[in-house]
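For reference, the structure discussed in these notes is given below.
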Amino acid sequence: MFFKQSLLILKRDLKIEFRNKSLLLSMIIFAVLFQVFLQIVFDANIEAIKKIAAGVLWIPILLSALLGFSKYGIAERENDALTGLLIAPVDRGAIFLGKLLGNLLFVFIVVIISVPVFFLFLKQPFPESIGLLLFTLFLGSWGFVALGVFFTTLAQSSSITDLLVPIMIFPLAVPLFLAISQLTEMALYPSIVMGQDLWVLLLVGYNILFTIAPLFLFDILLEV
Amino acid sequence: MQLKNVSLAIEDKPVLRSINLNWAHGEAIALLGANGAGKSSLLKVMSTLLHPSTGKTTMPEGMSLQKWKSKLGVVFPETFLYSSLTGYENLLFYQKLYGKTDNEQIEQVFNQVNLSRVQQERVETYSKGMKQRLAIARAFVHQPTHLLLDEPFDGLDLASKTILERLLKEKNKQGVGYVLVSHDSAHAWDLCDRAVLLHNGKIVLETPCTEKTYRSFMNQYQGWLKEKQHDVF
Amino acid sequence: MIQRFIDPIKLILTGITAILIGIQLYMVFFFAPIEKYMGIVQKIMYFHVPTAFVAFAAFGVVFGAGILYLITKNKKWDYLAVSSAEIGVLFTTFVLILGSMWARPVWNTWWVWDDPRLVTSLILWFIYVAYLLIRTSVKGEERHRKFAAVFGIIGFIDVPLVYFSVLWWRTIHPKVIDENGANMPPEMANTLFFSMFAFMVLFATMLLYRYVLESQREKVKEIRQHSMSERTDF
């Protein structure tokens, strides 16, 4: 029942978003554009890129995800449809999960397009450890989106939602950022392999914490 | 459903004060009162959207919270509709949300609110009255046994009003109870078994809805309204 | 009623704090010896370390009071949490300033990314500034109380994660800072411990004042709203 409800909410959100298309398209365009921008301002070439590769790869994805949080599911606020959800016999954790999966799907689509662009532009030799890179991209996006969806939903009644969300989640996400930048560096340049297990552990633990905790906290927090 | 001594404060402002109300199965209650008397807040408490600050709400026959919610149909001033989905998709979504799939039921409510013709069109193309009718259909789509209606006649034209009146009477015969919030007491009187008058968050009058009681009710009601006007000016 | 008891406590506590801080200053400047290598600047330690201690304790109070608020829904816990958070942010600001002042002559730089405590303090500062922002920008009193409580809890749980991730981040690279202070002469250690104690009492005093202020402010608001609703009553 729980998962059925999550899927129902996910399907509805996707139907609405794909009908309008503008959100997903602008997220993709923003990510690619911002990557180009970063490469230009850092004057990135193969020599220089080693130091900043992880950042150039991730920052466009994270910012694009961040811009998506407050716009995804905006239909819910239009006719106060969220109240309609809260009145229905729906587990509020299921609402969180449905929104998490939807946002995640969008971010994955951004990743699928923006990461190949990164390799294309920088003529990067194919990453040594593609498995590790995919693993990091998957869990890194997951953790950030979980954190973002949770706090965006909560901050919706704020007068400065769009600013408050990054101010809240960036400091909390420092462990996540460190883990993904380290792991990405290891995946791209396999010479550094120290402490890989430790980072993987941190990343997995962080994801579990910020996926499970909102499932329970949503019930307390989502009251009108 | 039973409310015992329910009080509600929003931002430390008292909105409801020791409300005692018993809603029997299948009973039609009209909730009347001036603006700001706490009618909508009382509906929100009954829908479990708001929790009373003090006092207790009891679900009928030991129903669980989820069970109570699944039996409840709600029409609030906001329509809860998704404007980029079609009317049909909206109803389908809300029906599934209540764990049901019954296409015939959807067809039936579309017929009842006279929207069958436009069910495949997006809600954003609907007029205000059509949206309101769809919101009513949305409240009926999971076959609730209890209805909470907050000014459902608002924004409806005469024909639609008649449709809704007929629909409510018909449902009531089938054992569906409702709480109807209205500022038009004359209109609501035809549709209720019992009228409850709220003033400043308190129940000040309770009376069965008969022609006999209407006159004395109106006298008192106008008395309250006058006092309210004195306060404002 | 409670007010009658709080007032004498406030006075006594203020007096004790003044005396303790006086003794602490005396110990720092006349009792503890001047450190051989760092010289007089090392005296910053007696303020820097206790300040950090207080900041962390303050955020601990935010965490505890947040949990208690969510369980009991008693607004008093929330008053305590917001009071403590403000003091915590203030002390964290001092920690960062004092740390920089100390680092400049000793490490020859205002800021190092290699010290996990320093970096964690900075992140802490950001987390609790966000906490205060939530309180001012989220509409609906009960909502922002609940939201802030949850954020205070999550923020505090996040602190060890930040600390260890920064530690690992930097131990993969060469580490330039040695742990200092492990073998201090007893006068120094005593002064440090006394300073920590004095600062904790200072924290308790500030918290009491701030808490009383917060509850009085809420009281005033309540009275005002009550009188307004009385007027429309009949």
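Which chain is which? They are A, B and C, in the order written, and residues in each are numbered from 1.
Basically, a contact is a pair of C-beta atoms (placed from the backbone, for glycine too) under 8 Å apart; a residue touches a chain by one contact, two chains touch by 3 or more.
Computed from a prediction, not measured in an experiment: that's the story for all the values here.
K.L.:
Once you've mapped the touching chain pairs, tell me: line, ring, star, complete or other?
P.N.:
complete
K.L.:
Farthest chain from subunit B, going by the mean of C-alpha atoms per chain?
P.N.:
Result for the farthest chain: C.
K.L.:
Applying the document's contact definition, name the chain pair with more C-beta pairs in contact, B-C or A-C.
P.N.:
Spelling it out, more C-beta pairs touch across A-C than across the other pair.
K.L.:
Compute the distance, rounded to whole Å, between the mean C-alpha positions of subunit A and subunit B.
P.N.:
It comes to 40 Å between the two C-alpha centres.
K.L.:
Round to the nearest whole Å and give the separation of the Cα centres of subunit B and subunit C.
P.N.:
Inter-chain centre distance comes to 50 Å.
K.L.:
Suppose each chain is reduced to the average of its Cα coordinates; what separation in Å results between subunit A and subunit C?
P.N.:
32
K.L.:
What are the residues of subunit C that contact at least two other chains?
P.N.:
Those would be 140.
K.L.:
Can you list the residues of subunit A that touch 2 or more other chains?
P.N.:
Subunit A, residues with two or more chain partners: 223.
K.L.:
With touch defined as at the start, can you tell me which subunit A residues reach subunit C in the complex?
P.N.:
Residues 154-155, 157-160, 164, 167-168, 170-172, 174-175, 178-179, 182, 192, 194-195, 198-199, 202, 206, 209, 213, 217, 220-221, 223 of subunit A touch subunit C in their complex.
K.L.:
Across the complex, what residues on subunit C touch subunit A?
P.N.:
On the subunit C side, the touching residues are 70, 123, 126-127, 129-130, 133-134, 137-140, 143, 146-147, 150-151, 154-155, 157-158, 161-162, 164-166, 168-169, 171-172.
K.L.:
Okay, in this complex, where on subunit B does subunit A touch?
P.N.:
44, 47-51, 66-67, 69-70, 72, 74, 76, 78-85, 89, 93-94, 96-99, 138
K.L.:
Can you tell me which positions in subunit B touch subunit C when the two form their complex?
P.N.:
11-14, 199-200, 227, 231
K.L.:
In the complex formed with subunit B, which residues of subunit C make contact?
P.N.:
Result: residues 140-142, 221-222, 225-226, 229, 231-234 of subunit C touch subunit B.
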